[in-house]
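In what follows, a single structure is set out as structure tokens and then discussed.
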Amino acid sequence: MADHHVIIENLVKTYPGAQKPSVDHVSFSLPRGEMLALLGPSGCGKTTILRMIAGLIAPTAGAIRLDGADVSSIPVYRRNMGMVFQAYALFPHMTVAQNISFGLEMRGVGRAEREERVGRALDLVKLNGLGDRKVSQLSGGQQQRAAIARSLVIEPELLLLDEPLSNLDAKLRDEMRDEIRDIQARTGVTAIFVTHDQDEALSMADRLAVMSAGRLEQIGTPREIFDRPQTDFVASFIGAGTFFEGKVAESGLAVVEGLKTLRFVGDASVGSTVKLMIRPHRLLLANREGQTNSFTGTVEHIVYRGQILTLNVRCGDRLLQADLPTHAGLLPEKGGTVTLAVAPEDVTVVGQVAA
Amino acid sequence: MSAAAVPSAGSPTAGASRGMLLMLLLPGLAALVITFLLPLIWLLRASFASSTVGAFSGGDWTAQSYSTVLFDPFYWRVTWNTLVLGFNVAVFAVILSYPIALFLARTESRFRGVLTALAVAPLLTSSVVRTYGWMVILGDRGVINSTLQGLSLTDGVIRLTNNSFGATVALIEILMPYAILAMLSGFGRLNAQLEEAAAMLGANRFRIFTRIILPLSLPGVLTAGLLVFVLAISSFVTPRLMGGGRVFVLGTEVFNEATVTLNWPLAAALSVMLLVLFSSIILLYQRALRALET
Amino acid sequence: QDASIRGTVNIVGFSGVFADNYQKFIIDPFKAKYPGIEVTYQQSKNSAETLALLTLQRADPKIDIALIDVAVAIKANKDGIFARLDPARVKVLEEMPAWARLDGDKAVAFSQDNLAILYNTDTVKQPPTSWNDLTDPKYKGKIAAKLGDTRGVILLPILDKLAGADYKQSIDPALDLLKKIAPNVSTWEPAPDCYAVIQSGEVDLSICWNGRAQYLHDSQGGKIGVAAPKEGSIGQTNTVGLVENSRNAEAAQVFINYALGAEAQATFAEKSFYGPVNTRVKLPDAVAARIYGSKEAQAAQMSLDWNFVADKYSAWIQRINREVIALN
Amino acid sequence: MQGNQLLGRIAWNALITLLYLFLLAPIIVVFIISFDTRQYLAFPPESLSFGSYVKVFQNIKFISAFWRSLIIGAIVGIVAVSAGMLLSLALARYRFRGKAAVNFLILAPFLVPHIVLAVGVMLVIAPLGLLDSYPGIVLAHLGITIPYTVRTIMMSLMAVDIRVEEAALVHGAPPRMVFWRITLPLVRPGLIAGGVIAFLISFDEATISLFIVSVKASTLPTEIYHYLEYSTDPQIAALSVILILISVGVVVAVERLVGLRRAL
Amino acid sequence: MADHHVIIENLVKTYPGAQKPSVDHVSFSLPRGEMLALLGPSGCGKTTILRMIAGLIAPTAGAIRLDGADVSSIPVYRRNMGMVFQAYALFPHMTVAQNISFGLEMRGVGRAEREERVGRALDLVKLNGLGDRKVSQLSGGQQQRAAIARSLVIEPELLLLDEPLSNLDAKLRDEMRDEIRDIQARTGVTAIFVTHDQDEALSMADRLAVMSAGRLEQIGTPREIFDRPQTDFVASFIGAGTFFEGKVAESGLAVVEGLKTLRFVGDASVGSTVKLMIRPHRLLLANREGQTNSFTGTVEHIVYRGQILTLNVRCGDRLLQADLPTHAGLLPEKGGTVTLAVAPEDVTVVGQVAA
């Protein structure tokens, strides 16, 4: 921890005039070269954290350390960070190339080298040939890429990205993700990026920090977050799922109202009431009824989503959500009866219910 | 030297900000203090002087001028006239300027620049000359009267000028450019898409106007109204000349006391009176604006 | 030529044609006579502005001589703006009438511009001959009369005399007469001015100053006619004053002595149609007629007790405004 | 287009035309009069000529006053814009005590009649020895123009996304560079519009100028005023027309360049 | 077709001053009650089509028919359509409730009924309690929902939605999708919505119209579009995939350079060169090498995406993209060797290559 590149300690930000803090005692740290995704619903304080790290706003309390040293006395323009703003914040009076070149100029890089590096950056974000355009002549997606190029070209030590891909269509977004990931891996820059797209967070980041209402809910690898959410909020915010409450009858077995019993893997003391979750894609079509953790019900709703088919299956008074691969042989139809099963290790304990 | 991102005290560049702030404020404020605040203070001082010399260099203090202003019913009538004139001019100038401002705000015409310039052009004509232009139009043998007589719509002369009607008409025209400019800058919230949205929801042109355009442009309209009102009640050349000397308003009285009878203390007191009027109107206006916004 | 006296004289005075004429007929000849004295002439918009300027510079005057309206001069003297002229230096004072030597020679009248009735020579075939003609109903809505300033203050004593009263007793008779004129008045603030409204035919008659009207009559094709009423008139009186604490008092008094002299006065009167004040001036008949009108009118020409009038100045204007204009 | 929609358009255009006619009526009259050959203002003209225009261009007082006004207006424009820029920055980007007072001080000159201010300005300027001098008249005009420049620049400044400035900071630009490279270019429309308005106001101002200047620094409006004291002839109309044409030209050029309306 | 609710015939729109039409001979039609998604990259003309249907701009050529009748003579405000604008276009001087109520007022609905319907609409979009807020006091997502409510409350015959969900986070977006789908199904309103999110298009719409540069590329059900893209563009725009060019050696068998042969299902004359596509999730882990359509290669890149694991597998000089479910037993690791296989019916012909 102590030798981590970025250390955030008990960061608090209360905007003037606000009753509640927008960022509330958040602590985390990143080793050099890591990419962290800040994830959370709109208004939970993601941008605020980035802006404090950048030095654009001052924390109400808490500390930000880079390589162990408190940064509060370093002015913004000497922190050597790159930042992609949520609304791009390109310089409207400059061409694309001038925008990208700006940071290099500020660093006193010579003209020839500048031109060369700007050219490379333009290639990187697939804007070659658009360098001489005015910013206003770019589409939203192109602007976003120009902003990315501007922040990358200065080879910052720390890269801050605020929803850098929100305005791109799926295709381009995938490409840019790979690009950013690549550059980050190659240059070894530490990066923090904000997103509300969980797929983006899961696929790009080394670790995810999930926030809710100013607080850090959980921080961990994509797998930890997705498969072992530690709070209710994280469980329901990341990925879909069906939630159950059950009384633990014996170790690894809970009695759930309306269903029979549910076998699960995880710590839960006998007699306590636990919250359990099943991810939609962990529910599989079962061969036969009566199998462990199997549910039979009627298909109420089917949504085709290309790769997968999302089913809502009614079992008694519960609605189970299941995602089946579209190529999994004979697919159920609306109104039909299906039996779904789940492996005990795919039933996750996401919390205790106070008695 | 930008204050760019130094919005709050705790910021990393805050150390420099106090000195910076002073640097930013000083030149402009100095100019304003010299050419506005000090003259105003002099005005106050002069209004309490007893003689012409006192008005310039101090000396004794007396509330004589104020008691003259406050206890002479003539000045009450003048004040009332001033308010009526200001109100009429403001109302009509706003009504007549609104369509032009709306037109300028929306037109895609190539001539937009010229049309905007033309709307502002009256500001640049000497008021004496412009007043003469109005005399030609409204005079007893002017364009309107001769047209009407030519069409045999009237046989007598219709008195259109040398009275408060003439003064009002000319003031309206003279102050319209200000109203148009003020409205134009207040029309920022108008947005074609809002009108489209209203149309999609079933509003015809009339309803789009009354429910969307008008309410959205109301702050601009109020600002324009205030500006015109204030300029109208402080005007003196136009009411004097177009009113044929029959229109007595505070502006003409100030001018009269300052340049004809040389009673500077009284002129100052009348000016202070005018300022008090302004201030109360502005306060009312701000109330109205706040009410509009909540 | 007298080059023995040296110095600079700074004059502030009226603007426009007056300034041109004053330069040409007073200052230039003076400079020819006294090459050692430099004279500068600064134009001022009006006497009020001049007074403001003088008041401001009281501690350290930059101006030595002011040409100024008599009413304003009297007001200035109340504030001690002007210095007493030295009769030893300004010998010509002896030639001036008593009424012209104000406040013990703290300002001396040097010219008078008579109030007259102007008429449009196209529309008015029978020029008015009397101030009483102003009440003639045929002029209804055809008169321009700016009376909110010195013009009104001068007209009141004239009308008082018409009504057989004395302005020092009461001006009520004059106001009553004025109220009879009022219905004929189209505008009390002729725009652009009281001469142009005659030229353009906007009105038939206008109560205005003689000098300028004569000048316009000559220069612009005689569209303006001037009627000098037989009851005589009163002139707007211009005074010259030596500024208190003037640093060039000596040269300044040399100038004043010249400017008030008969020769200068006569030339200026002939060129500007302003009546001279120096008692020694004898005007040619033609010039006198254009300044004062007929022999009858010349005989009836009046002068005012300016100290008395200055005292009533604003009260009279106020009464004209409130009792006549505001009600019409 | 539906029939009644077309009708509405025609009615609307007719209304606008009428209003413009009203707005420009006296100027149209002045324009016509300016070609009259007579030596006094009268309508309609007897016969037409460019004589008045020729005379205006031959009038040395007008010409020299015109250049003086031009210089004074230019200086006023530049100084008012500079001071206005700094004030706007302080108001738009800082929170400080007394901001409301500063705001009022900037708004108030809009609302105080010039006739009221004029004597006071003279009185303040006189002891500085600035009467009838360029610095004096420039100073006097600053008070009435700065409010306009602050207003237009503020509008531009508000439209500038602060994030853009932040982006420059983050990418290594010290505040000084942010100002020169980002903020200043971005508010240029406001600067130009403010400068033009300040110029026009100074170029046109008579009331206060009459108290400040007499000979050396007399401006065109004061010359016109003095001229009107003793003559009212078509020269004045011709001069007005020339000035209007110049101003319209300036406004149109600026509108073309930066879009005046945005800044107003 | 003739009895369809909305019929678009050869619609063309060239903006004044533009060289190329922004919408170029587009024709399609919708039966009453259908929901159509307009999908395509930024700037392809989606919004333009919506605006023409709404009557906000006039087509350069072509016709729009509602219930068989040409609409060109019906003014906007009598078309009884609901529209959600890309930038919301909420009335800034009204409260949220007043915004929603506006359309009802215009229709002369009485106050009591108005209030009731506005209340229900607020519930629907989960804005209960925010009715009295000023629009400016809402977050982006909340504004978008208010705009949706405003267009729904008037119960239009035709609903036009321009990227109605772009500013919502995944969770809320899912909920709103279901809500809109539900309302649409319940009220039977015909709906056209624009999106650049293919998941949204696939899961919400009855049919998809994919556009590119003003032209309609393909229109069809989600399955048709996803599984049987008719053009290159559609294939690459919708869903990911690996593309091959191969010479058809015999019916259903293509020889692909660098690989061996690829069996496919589809029409292609022998000897021609075809473009083939394999969707990532159709590539499965194979038990043994040498199976039909199997490829062995090294895992170059692994991305964990919650439900699935995306692999980039290098076979010779080709990179295959495969999506494996995360619960499919033992998962491959980076650098390891895997064998992937695909069923011939999952190899899609997406076009012919001109010789």
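A, B, C, D and E are the chain letters, set down in written order, and residue numbers restart from 1 in every chain.
Operating definition for what follows: a contact is a pair of C-beta atoms (placed from the backbone, for glycine too) under 8 Å apart; a residue touches a chain by one contact, two chains touch by 3 or more.
The structure displayed is predicted, hence computed values, not measured ones.
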Chain of greatest Cα-centre distance to chain E: C
Pair joined by more contacting C-beta pairs (B-D or B-E): B-D
Mean-CA-position distance for chain D and chain A (Å): 55
Where chain C and chain E are represented by their mean Cα positions, the distance between them in whole Å: 91
Shared interface positions of chain D, touching two or more other chains: 41, 43, 119, 123, 166, 168-169, 175, 182, 228, 232
Multi-chain contact sites of chain E, meaning residues that touch two or more partners: 75
Junction residues of chain B, two or more chains touched: 5, 7-8, 13, 56, 128-129, 131-132, 258
Residues on chain B engaged by chain D in the complex (per definition of touch): 1-8, 13, 16-17, 21, 23-25, 27-29, 31-43, 46, 56, 96, 99-100, 103-105, 112-126, 128-134, 136-137, 142-143, 170, 173, 176-177, 181, 184-185, 205, 227, 230, 234-236, 251, 254-255, 258, 264, 271, 274-275, 278, 282
Of chain D, residues touching chain A in the complex: 161, 163-164, 166-175, 177, 181-182, 185-186, 188
Partner chain B, residues of chain C touching it in the complex: 46, 48-49, 51-52, 55-56, 58, 72, 75, 78-80, 141, 146, 148-149, 186-189, 191-192, 201-202, 313-314, 317, 321-322, 325-326, 328
Complex contacts: residues of chain C adjacent to chain D: 15-18, 42-45, 49, 52, 56-57, 192-193, 195-196, 199-201, 212, 219-221, 223
Of chain D, residues touching chain C in the complex: 38-43, 119, 122-123, 126, 210-211, 214-215, 225-232
